[in-house]
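After this come two complexes, each holding chain A, first together with chain B and then together with chain C.
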Partner chain A sequence: MLIIQLAINGIAVGCIYALVALGLVLIYKATEAVNFAQGDLMMLGAFFALTFISFGGLPFWVGLALAIIGMAAVGMIMERLVLRPILGQPQFAVIMVTIGVGFILRSGATMIPGWGTSSQALPTPFSNQTLDVAGLVMAQEHLAIIGATVILCALLYGFFRHTRFGIAMQAASQNQLAAAYMGIPIKRVSAATWAIAAAVAALGGVLLAPIALVEANMGFVVLKAFPAAVLGGFASLPGAVIGGVVIGLIEVFSGRYISDTARNLAPFVVLLAVLVIRPEGLFAEPKKRRA
Partner chain B sequence: MTTMIEVEGLSVAFGGVRAVDQVSFGVEKGEIFSIIGPNGAGKTTVFNLISRLYDATAGRIVFEGRDISRLSADRIAAAGIARTFQNIELFENASVLKNLLLGRHAHRRTSVFSELLFLPKVRRQEIENRSIVEDVIDFLDLAHHRDARVAGLPYGVRKVVELGRALAATPRLLLLDEPSSGLNPEETEDLSFWIRDIRDDLGITVMMVEHDMGLVGRVSDRVLALNEGKVLAVGTPSAVQSNPAVVEAYLGS
Partner chain C sequence: MRFLFKTNYEQDVRLFQHGGQVFWYAVLAVLVLVAPLVLSDYLVGEAAFVFILAIAGVGLMLLTGYTGLVSLGHAAFLGIGAYGEAYLLSKGVPFPISMLLAALIAGATGFLIGLPTLRLSGVYLAIATFGFALIVSEILAKWESVTRGFNGFRVPRIVMFGETLRQDWHLYYISLAVLVVVILGVLNLLRSPTGRAFIAIRDSEVAAQSLGVNLTVYKTLAFALSAAITGLAGALYAHKLNFLSPDGFNIILSIQLLLMIVVGGLGSLHGAVFGALFVGALPSVIGILRGELPRVIAEQPGLEPLIFGLILVLTIIFEPYGIYGRWLKLKLYFQLFPLYRRATFRRTKAFLKSGRR
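The block that comes next holds the complex of A and B.
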């Protein structure tokens, strides 16, 4: 019974990492660069929701929708101001810019009145409620995270696999000049990419809030999402979810059976092992196909 | 004969250099029209102006009676113009088939929601696109490489894949930028047959920038010679090649 309970907790924790990792993979697929600001966009999304719901007194679902729309706008502004000017530059430039944006968002958030440096709780309909099934206790906030992760993964997977726009994003990531001559409006695609990434981050931030509290440094959860994404092969959306769950399970079980400090260490030990043994990740799409 | 594309007084300057200077010419429907000239004559620049990579400082480009001088580059494919590049611009991490299917992108007309649900309309469109792409694969003999990743293919094959992607867009005007560069004599021979077939069988008007005079002479109906951004001569391949101004530009005086 204990093992099943631990597994459920591990999956729930893992889905948080997966949710962040989905944002990383999304940007990676669309730009072939890693977005180091993904965690900070989550933090900003959570603060948006906090502002609308706790300060503004709006119902949760309205606040959530406004936070997502607001963050999509932030993503577009960010693209226009700092990413559009380096469109066509090497991926390395994009990575550096996202690191910079992350710093700005993190320190910027502490300077806004009401947000500040303290931790704040965001009330959600799933906070502090449990569901008992056959002697197993499941927190509703965990169930919400698991459900949202699965739905989001399926949506994004379908989007990249089947939609004209999703395919256009991947084409633009590989060759912008050629993509333009296939009729792909590069600038609009770039703006939409960052809007979607920021909207996904907002959803992640709100789901994370009942567990981690809303504060300027909550974006550091991205450090656990990196191993999840790498484990999944970095370009695979289902891989990111499975990677996240694996990391979550490792964390919970090593924390219970090895020692409490091992829970932060074990995921990275596993990550290093994977990088040595199978550097393309566990679920990478085959890259070295020979003709 | 009807005019496919009409270029009038086209000019562009980079810094102080007039890369293209008051260039005018017309290409008839069904023609194979080549642009020749020494390095730096402005040949590729003319292509980049037509395909809207650069903005002209002066002049007009009229394609099928429509002024395309202010169209953005991503609307060129839908207008009916496809091109290839001197240095091959492919989606390197995708398969040959996916590259060719992307050639169909400008012709896809479905909404995000119907695509996510894979409605019958989307399905029909996918089947149609796939069949056009398979025709191109047969035409260029690419079946053997269909599922290969582009990055691992030899240069000559990638060149053909890029031509295939342009054909998959079912253009009415095809711009080929140095199609024979980097090809061996046998591959160049194949290319010359394909260029003729593209015009004769597919009915596509072809404009080509090319250095290989043998290829130019074999396939072209008319040739335009450029030097230092200016038109030196226009006419049949033999007339242009024997034009004293052209000979002087190539050999120096």
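The block that comes next holds the complex of A and C.
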């Protein structure tokens, strides 16, 4: 019984990592850049929701929708201002630029009146309610996280498989120059990718809010999303979700059966081990090397 | 405008290309040597800190600027160097030897971690080093028999020639000497076949490989050397701090080291030194700014990271070659006056080249 209980907690925690990892993978797939500011976008999304719901007094679902739309706009602005100018520059430049943006967002959030440096609770319909199923206690916020992750995955899967724009995004990610020759609007694709990734981050932020409080440093959860994304191969959406869940499970079980230090370290030990043994991730199809 | 007429190959590998350089570097050497006589104790201490940062910067520059490998975990090597130095000194190993051993330990760690991870490219390497740094900082906190954990580690004073060195200017001259040796060493390395191989790997792995450069060997070598130099800086940093605590060597420090070489100018040793000056001076400048700004802004604790972030982003967008790049442009402007054209340095339009395999 304990094991099943732990497993449910692990999956719920893992789904949070999966949501952040999804954002990372989306951007990597489309622009081959790693967004080190993904966690900070998540933080910003949670603060948007907090502003609309707690300060603005809007109903939860309206506030959530507004936060997601707002963050999509932030993602587009960020792409236009910061990433468009360095389109085509080496990956290193993108890594450093997103680290810089992360710094700006994190310290900027502490300066906005009402957001500040203290942590705040975001009331959600799932807070502090539990569901008893056959002797298992499940927090509703955990179930909401798992449910939202599953729905989001299905949506993204459908988008990339069956819509014109989703296929254009995949093409742009595989070969930017060839995609441009085929008439795919590279710049619009890039902007849309960042908008979607920021919107996913907003959702992640709101879902994380009941578990961890809303504060400027909540973006550091991205540290755990990297192992998740790497485990899944970094270019695979289902891989990111499975990777996130695996990392969540490893964390919860090593924390319970070994020690708290092990809980903190395990994701990174797994990360290094995966990189050494199978750098293409557990779920990527092997590819031939190109020049 | 100076024209260099080259008559033999020797001229290309000379340390100084022409008499002007000899003159200006001699002036710089004299200035740096007499500075502690003129400056206040506080400024001498700050200058020593800048030298230590510059040593670490040269180490990271060798890896990121010349071999093209990004490390988000160099604070770990700084930490290993610092703790190695403190531990060895407390066990009675005399000073210069302890510093070299600390660098050796950092280098060996770099070698061990580089061996598996350097098969990876670009983003994966960045993330792997990132994970490695987190693991190291956790070990520093938990391995209490060596690092004394969160109780902190008081670093023993340097004893040389029977004297205990505790003045700021002692550390100033020691750091300066180490910096000069490191810079000359790296300069020499870069003019050797090994250094050429590093640069070839940076510019194109495929091309380097087809010219017979063994990627694994040279990447691991670059990583180990870079780690060792950073460890050397760490050993000196331990004496600058006097008191080590494991949370000092975190991801923020790693990012500051990267920021330093990016702002200074990637791909040049000048850049590492300019960057160190910049990062060393920035907190003081921000401190002065806080006095001038209205209180509402000045009292914000997030001001410093905000300015760091802004500078990083603006540098990458507007001046990808950093302070040194700007310096070269200025120099060319005056040399060619009034014929300088902006287009000389205009970036060509580029499409993303896939590094994915």
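Everything that follows uses one rule, which is that the second predicted complex is superposed on the first by the 285 of 291 C-alpha atoms of A that agree within 3 Å, B and C clash if a C-alpha of one lies under 4 Å from a C-alpha of the other, contacts with A are read in each partner's own complex, and residues count from 1 in each chain.
FYI, contacts are C-beta pairs under 8 Å (C-beta built on N, C-alpha and C of every residue); 3 or more make two chains touch, one makes a residue touch a chain.
From a predicted model like this one, the values you see are computed outputs, not experimental measurements.
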- request: Would you check which partner chain A:I86 touches, where first means chain B only, second means chain C only, and both and neither mean what they say?
  value: second
(Q) Tell me the contact category for A:N175 with respect to chain B and chain C: first, second, both or neither. (A) both
Query raised in the report: Is A:T261 contacted by the first partner chain B, the second partner chain C, both or neither?
Result: second
So, A:V276: does it touch chain B (first), chain C (second), both, or neither?
second
Chosen between chain B and chain C, the partner touching more chain A residues is C
Taking the superposition as given, does A:I184 touch the first partner, chain B, the second, chain C, both, or neither?
first
*asked:* So in the superposed three-chain picture, is A:G158 touching just chain B, just chain C, both, or none of them (first/second/both/neither)?
replied: first
Go through the superposed model and pick first if A:V34 touches only chain B, second if only chain C, both, or neither.
second
After superposition on chain A, the chain A residues reached by both chain B and chain C are 174-175, 177, 180, 287, 289-291
Counting only contacts in the complex, chain A reaches chain C at residues 28, 31-32, 34, 82, 85-89, 91-93, 95-97, 99-104, 106-111, 117, 174-177, 180, 216, 223, 226-227, 230, 234-235, 261, 264-265, 268-269, 271-272, 275-276, 279, 287-291
Seen from chain B, its contact residues with chain A in the complex are 51, 53, 72-78, 82-83, 85, 89-94, 102-103, 105-106, 108, 110, 112, 115-116, 118, 122, 145, 147-149, 152-153, 165, 169
In the complex, chain A touches chain B at residues 155, 158-159, 162-165, 167-168, 170-171, 174-175, 177-186, 287, 289-291
Within their complex, chain C touches chain A through residues 64, 68, 70, 72, 116-117, 119-120, 122-124, 126-128, 130-132, 134-135, 138, 142, 206, 255, 258-259, 262, 297, 300-306, 308-313, 316-317, 320, 349-352, 354-357
